[in-house]
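In what follows, chain A forms one complex with chain B and a second complex with chain C.
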Partner chain A sequence: MIALRRESLLGLLPILALLAAWQGTVAGGLVPPALLPPPAAVFGRLGQNLVDPAFLGHAGVTLYRLFAGFLIALAIGVPLGLAGARIRALGAVVRPLVRVLAPVPKIALYPALILSLGFDDASKIVLVVADALFPILLATFAGAASVEPKLVWSARAAGTSAAATLWKVVLPATLPAILTGSRIALVIACIVVFLAEMITSTDGLGYLLVRATRTFQIVDMFVPLLAISGIGLLLNGALALARRHLLRGFPEEG
Partner chain B sequence: MTAIVRRLPGLPPLLACLALLLAWQAFAHWAARGGVPDALSTVRELPLILGDRDSLGAIAESLRRMATGFAIALVVSVPLGLVMGRSRIAAALLDPLFMIAYPVPKAALMPLIMLWLGVGDASKLLVIVLGVSLPIIYHSAAGARGIEEKMLWSARAMGMGPVGRLTRVVLPAVLPEILVGCRTGIVLALITMITSEMIARQNGAGNILFSALDMAQYETVYAMILIVSALGIALDMLFEVLRARLTGWADDPHLIAAPPS
Partner chain C sequence: MSATLTPPASAAPSGSTAPMIAIADLSKTFRRRDGGTHLALDRIALDVHEGEFVSILGPSGCGKSTLLYMVGGFVEPSSGTIAVGGRPVTGPGPDRGPVFQEFALFPWKTVLGNVAYGLREAGLGRSAAEAQARQLIERVGLKGYESFYPKELSGGMKQRVAIARTLAYGPAILLMDEPFGALDAHTRVRLQNELLGLWERDRKTVLFVTHAVDEAVFLSDRVVVMSRQPGRIKAIVPVDLPRPRRREELLLDPRYQRLVIDLEAMIEDPPEDLPA
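After this line comes the complex of A and B, so read on.
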C-alpha cells in the first residue's frame, strides 16, 4: 500500500515539472503572455468557469452528445458482435463490412452527415456512434469468438436453448472484452465530439475553444482543453469502478 | 465457397465495398433529396479530382506529412514504451502524464500550436506526431511488460549482452504488440491529418474537403469522402500485408487491446 502510494507520488513529478517549466517560461519572459498565459491564470479561469452556469451548460451539451452516441454504439455493437461471432452466416457478412468500414476516418464523413442531418445534435451524435461503434463491435466479436466452447456445449447439453445460452453463457463470458472495447470507445468519443463541435456548432466545449480562438482569448483557449481532459479522466475512472463491480469473481481481473 | 475465399482473401472486403456503394445508390434514390448525390455520379466525379494536378499534389502533400509524422512518432515512442514496460520507475513516472494526455483531442491543440509555430508544416506535423505517439507508447509498454522473463534469463545465461538482448529478444517479442499500436496510430494519423488541414486551411486533402463544403460543391465533398475513405482502407490493407510478413510467426493478434489503465 505504501509502495503504491509512493508510485503515485512519483507520477506527480513529471506533471509538476511540466507546470514548473510552464511557469518558468512565462516568468522568465521567454514568450509573451499573449502566446502563453501563466498557469495560475489558466487554472483560475477554469475554477471560475466550473461554477459558471453558462460554462456548465456547454459542458452538459457536450456530455449529452457524448453519452447518447456512446450508448447507441453500445446498443448496436454488443448484440451485433455477439450474434456475428455465434452465427456463421451473419459473421460472414459482418466481418468484411467491418474490415472495410473500421479503417475509414469517420471525421471525413462529417460533411456528409451535416448535409443529410443538419447542424444540430443529430449529425454529431451519429458521428460519435460511427467512431465508438467499431472498438466495441471488434472487441465483442473477438471476445465472443474465443468463449470456451465447452461452456456452450455444457449449457446446451443441460437443456438450455440457443438464445438463452447466448444470454446466460456467452454474454457474461464476453463481458471483460466488451468493457475493454467500451473504454477505448469512450476515449474516442471524447475526442470526436469535441472535434465535431469545433467544426460546426453554437454550443459545447469545442465551440468554446473556437470562440476563444476567434477572439484571441488565449486563457479561454486552454480551459475547454483542460475540461475535456478532465471529463475523459472521470469517465475512465467511472468505467474502471464499473469494471471492478461487474467482474467480481472473474480470474485475473481488477 | 470457403475454397474460393481462401484463394482470394480480398474478395469479401471487395464485395462489402460494392454492397456499400449499392446501398448508397439505393438510399440516394429513396431519399431523392438535393443533399445526397448518388454513388454513380460521385464515382464519376473521381477522375475530375484525381486528374487535377493541384488536387493530386495536395493529397500527396497530406500523405507526405502523415508519413513523416508517423515515422517521427515511431522513432520516439517505441524506445520510450519499451523503457516504460521494463522499468517500474519509468512507468510510475510517466503513466499519469500520458493518462491525462490521452483523452485530449490532439487536433484541438491546433489553434494553440498555430499561434506558436504558424500555419505551415511544422504545426501539422507536431499535431500528427502527438496523436500517433500515445497508442504506440501504450502498446509498446504493454508488450514489453508481458515478455516471458525466462527468455531474458536464457539469453543472459548464454552470454548475450544487454544490447543484444534488447535487439534480438525484446524487440522481436514485443513486435506484434507494437504493430497493434501502429494500427490504431494509422487511424489516428488520418483523423489528425484531415482535422489539422481543416483548421489550418492551406493545402491538403482536408482543405479540399471542407472548402468544398463551404462553397456548397457537394459532388466534390462526397468524392473527397470517397477518396479519403479509400486511403484509410488501402493503408489498413497495406499494414495487414506488412504485419503478416513481419510477425507471421505470432498468434493472431487480438484485434483490440486494453487502453491505458
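After this line comes the complex of A and C, so read on.
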C-alpha cells in the first residue's frame, strides 16, 4: 500500500514538470501571453467555471454523450466479442468485418452521420460508439478465445449447458480483458466526443473551445481542454477502482 | 516380462455385471498444423467396473489424458465407442467429475463459491448449496478458508478445493488427470492418502491418469500401462495388494516393490526424464 502511494506520487512528477514547462514558456517570453496564458490564469478560470451552471451544463452534455456512447459500445462489443470467439460460424463472419472496419478513421464518417442523424446528441453518440467499440470488441474477442478450456469443462461436467457456459464461465473469465479494452475505449471516447463537439455543435466542452477560439478568449480556450483531461483522469481512476474490486480473485497481472 | 501381466484385454477382475465404463475400439486422430494427421490413440479397449480404482500409466504424449477427456465427454473420439453406465457418452455430464492437474478453479469465485457451483447448477437454493458446500470443505480439511480466493491458497489446498467442487455434485465416476502432478513431493503423498481415505469411504469409480509408478500402484486396483506413438494399451496389471493400504507398510511389502519395478521397466521412458 505504501509502495503504491509512493508510485502514484512519483506519477505526479511528470505532470508537475509539464505545468512547470508551461509556466516557464510563458514567463520566459517564448510565446506572448496573448496566445498562451499562464497556467494560473487557466486553472483560476476553470475554478470559477466549476461553480458556473452554464459551464457545468456543457460539461454534463459532454459527459452524457461520452457515457451513452461508451455504454452502447460495451453493450455491443462484449456480447459480440464473447459469441464471436466461442461460436465458430459467428467468428468467421465477425472477424473479417472487424479487420475491415477497425482501421477506418471513424471521424471521417462524421459528416455523413450529421446529415443522417442531425447536429444533436445522436450523431455524436454514434461516433463515440463507432470508435469505442473496437478496443472493447477486440479485447473481448482475444480474451474469450483464450479462456482455459478446463474451466469450461469443469462447468460442463457440473451440469452447465454449453450455451450457459458463455455467461457463467467465459464472461467472468474474460473480465480482465474486457476491463483492459474498456480503459482504452474510455480514453478514445473522451477524445472523440470532444472532436465531434468541435466540428459541429451548439453545446458541450468541445463547442466551448471552438466558441472561445472564434472570439479570441484565449484563457477560455484552454479551460475545456483541462476539463476533458480531468474527466479522463477521474474516469480512469473510477475504472481502476472497479477493476480492483471485480478482479479481486484473479492473479495479479505482470 | 513379469508373471503379473495380463494381455491388453479388458477382462473384468470381479464377477460384477455390466462395466461402469466400457471403452471399445477407441481411436483419436489429431490434425497436425502441417496438414498431416497424428494418431494419438489407437484402438483402445478397456472396461472399468463400479467402485474400481484404475490408473492409466504412461509416458508424456501417450494420449492418456486424451483418453480421460474422451470419457469425460470433453473431446470427441475419432472412432470407437465409450459407454458409461451402459449409455454412450455424447458430452460431459455430472455423472463424471473431472479433477485436473491445473486445478481449473474459477478465479472469480471464493472457495465456497467454487464448491457450491455444481450444487447451484443442480438446482439447489443458495443457502442449501452453501451449507452442503461447507460440509465438503470441512471434509477436505479446509474449514476456515471458505471466503478465500483460489489465488490465496497453496497448490495442495487448491487441489483439495477442486476435489470438493467435483465431489459436490455427486459424480459416480471421478476422472483424475494427473491431479497431484503439480504438487511438491510431501503434499503429493498427503493428498494421495487423503484421496485413498475418501475413496475407501465412498468407493466411487476412479479413472486416474498419472506418470508416477508408485502413485499408480499405491492407489489402484488395476494399472493400465500405455505406450506412445501411437497411444496403445501395452498391459493391464492387477494390483493385488490388501486394502486399506498404508503407505508405510506398502513401501516394505515385497509385492509392492515387485510391481513398481515391473511397471517401471514397462514404461518406455524412465519417469525422471519426463517433463513436469
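Note that the second predicted complex is superposed on the first by the 226 of 254 C-alpha atoms of A that agree within 3 Å, B and C clash if a C-alpha of one lies under 4 Å from a C-alpha of the other, contacts with A are read in each partner's own complex, and residues count from 1 in each chain.
Going forward, a contact is a pair of C-beta atoms (placed from the backbone, for glycine too) under 8 Å apart; a residue touches a chain by one contact, two chains touch by 3 or more.
Here the structure is a predicted model, which means the values were calculated and not measured.
Shared-chain residue A:89: touches no atom of chain B or chain C. Contact with chain B, but none with chain C, is seen for A:18 once the two complexes are overlaid on the shared chain. In the superposed model, A:172 makes contact with chain C only, not with chain B. Looking at the shared chain after the overlay, A:155 reaches chain C, while chain B stays out of its contact range.
Contact with chain B, but none with chain C, is seen for A:194 once the two complexes are overlaid on the shared chain. Touched residues of chain A, counted separately for chain B and chain C, are more numerous for B.
Of the two partner chains, chain B is the only one that A:97 touches; chain C does not reach it. In the superposed model, A:249 lies in contact with chain C only, and not with chain B. Chain B makes touch with chain A in their complex at residues 12-13, 15-17, 19-20, 31, 35-36, 88-89, 92-97, 99-109, 111-112, 115-116, 186-187, 190-191, 194-195, 198-199, 209-210, 212-213, 218, 221-222, 224-225, 228-229, 232-233, 235-236, 254-259, 261. On chain C, the positions that touch chain A within their shared complex are 69, 72-74, 91-94, 96-98, 100, 102, 104, 106-110, 117-118, 121-122, 149-151, 165-166, 168-169, 171. For chain A in complex with chain C, the residues that touch the partner chain are 148-151, 153-160, 162, 169, 172-173, 175, 247-251. By the touch criterion given at the top, residues 7-8, 10-15, 18, 31, 35-36, 92, 95-97, 99-109, 111-112, 114-116, 135, 138-139, 141-142, 180-181, 183-184, 187, 190-192, 194-195, 198-199, 206, 209-210, 213, 218, 221-222, 224-225, 228-229, 231-233, 235-236, 240 of chain A touch chain B in their complex.
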